[in-house]
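I am attaching a structure below and will ask some questions about it afterwards.
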Amino acid sequence: MSRKRISLRQELPLLVWLVVVWGALWRDFSPGNLLFGALIAVVVARLFYLPPVELGGRFNVLRAVPFALMFLAKVVAASFQVLYLAAAKGPKVVSAVIAVPLRSHSDLLVTATGHVTALIPGSLVVEVDRSTSTLYIHGINVRNADDAAQLRKDVRDTEAGLIRIMGTKAELSALNQEVGA
Amino acid sequence: MNPETLSGDTVIDAVSAVFLVVGALMSLAAAVGLLRFPDLMTRMHAATKPQVLGLFLLLSALGLQMRTWWVWPVLVVAWIFQLLTVPVSAHMVGRAGYRTKHLHPELLSTDELEAVVQQAAGTRGFTDDDEVTDRR
Amino acid sequence: MMQLVLTVTAVVLSLAAGGAIIRIARGPSLLDRVLAADVLLAILGAALCIDMAVNRHLNNLMLLVAVSLIGFVGSVTVARFVADRREKPRES
């Protein structure tokens, strides 16, 4: 098998996640159990080989915590917005499908943006164009061009936040230039 | 509830009771949305978003009620599983729904995907091929 | 207080389940029904969760995870099946 070896550092997030799941399923976080879990995680990662996720190589915790809190607030807002729209507008709600071109071309960031977009208010990913990294988003309660522009800006802001957390250095500097300009 | 009994336990109980009721209301919100929205896409909004918040609230209430720290990792793992799976299934259903034309064009203010779909269909010589992107 | 919570949530979840079942019965397309079935599974999960919180046990936790995973696998499978079936007649 002539697969490219992936370094331990690149695999580490996956291994840590597997160990956490193992501990959580056993509901036992004693060192012995965690060590055994780590052993199984390594064996599983070797046997059931998956193409490595190409991480940006950095993770900014200081940016991640406010983003996570913001995300939680937006999930709450999304649910109440749906409740309001269902109760008040009902069958008369108007929506739109809009294209949002993203800055990043990395699969990880496009996926993460799509996930977050699907969970924040009024947007849902319908189609992804990987070659141009464009998300086609179904927005609820988008009545006119202004609403569409606002939704597009929201999605791009989400992506900017994710780039600040875990984008590559090149993407980050491109983003900083864009904001500065 | 008189002030003497207002200890930490009652506060925790009250908070988790509120979480439980609001979490159940989120399920009701999903059902109301399912019944009242006009087409598949808008119904998908109703089906996905309240689910995530509802499960979050219910799991938090459960964690508060158990009062032991080791349940929290399990609950967090359960919630993260849901966070990862819900957008994926919503996207799959939405994509299939868009391709099979399960939406009412008169309810869309703009549709920027349609032009792309038409173009892709034209260049590939298909009449109705909605597959713009990856051919899996 | 927990008894009151249990009653209220039982009523609310029953209403929600009724709504989802009406959508399953009426739903104009297969995808609508799948979506409603997914919501019904989520309501079942919510009921399991409330039972655990009120009675303070964790017996159903793995069942809860399994139920949400089954909902995920089911809707993804049906979504792909629907997309594939549409493409068949064109090839013939």
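For reference, chains read A, B and C in written order, and residue numbers begin at 1 within each chain.
Keep this in mind: contacts are C-beta pairs under 8 Å (C-beta built on N, C-alpha and C of every residue); 3 or more make two chains touch, one makes a residue touch a chain.
In this text the structure is predicted, and so the values were computed from the model without any measurement.
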Contact graph of the chains (line, ring, star, complete, other): line
Chain whose Cα centroid lies at the greatest distance from that of chain B: A
Middle chain, criterion being Cα centroid separation: B
Geometric centre distance via CA averages, chain B-chain A, whole Å: 15
Where chain A and chain C are represented by their mean Cα positions, the distance between them in whole Å: 24
Mean-CA-position distance for chain C and chain B (Å): 11
Residues of chain A engaged with two or more neighbouring chains: 25, 27
In chain B, residues with contacts to at least two other chains: 30, 32, 44, 54, 71, 74, 86, 95
Sequence positions of chain C contacting 2 or more other chains: 58
Touching residues (chain side chain C, partner chain B) in the complex: 1-2, 4-5, 8-9, 12-13, 15-20, 22-23, 29, 31-32, 34-36, 38-39, 42-43, 45-46, 49-50, 52-54, 56, 58, 61, 64-65, 68-69, 71-72, 75-76, 78-80, 82-83, 86, 90
Contact set on chain B toward chain C in their complex: 13-14, 16-17, 20-21, 23-25, 27-28, 30-32, 34-35, 40, 43-44, 47, 51, 54-55, 58-59, 61-62, 65-66, 71, 74, 78, 81-82, 85-86, 88-89, 92-93, 95-97, 99-100, 102, 126-129
Residues of chain B defined as touching chain A within the complex: 26, 29-30, 32-33, 36-38, 41-42, 44-46, 48-50, 52-54, 56, 70-71, 73-74, 76-77, 83-84, 86-87, 90-91, 94-95, 98, 107-114, 116, 132-134
Chain A - residues contacting chain B, complex: 20-21, 23-25, 27-29, 72, 75-76, 78-79, 82-83, 85-87, 90-99, 114-115, 118-119, 121-122, 124-131, 136, 138, 140, 142-145, 147-148
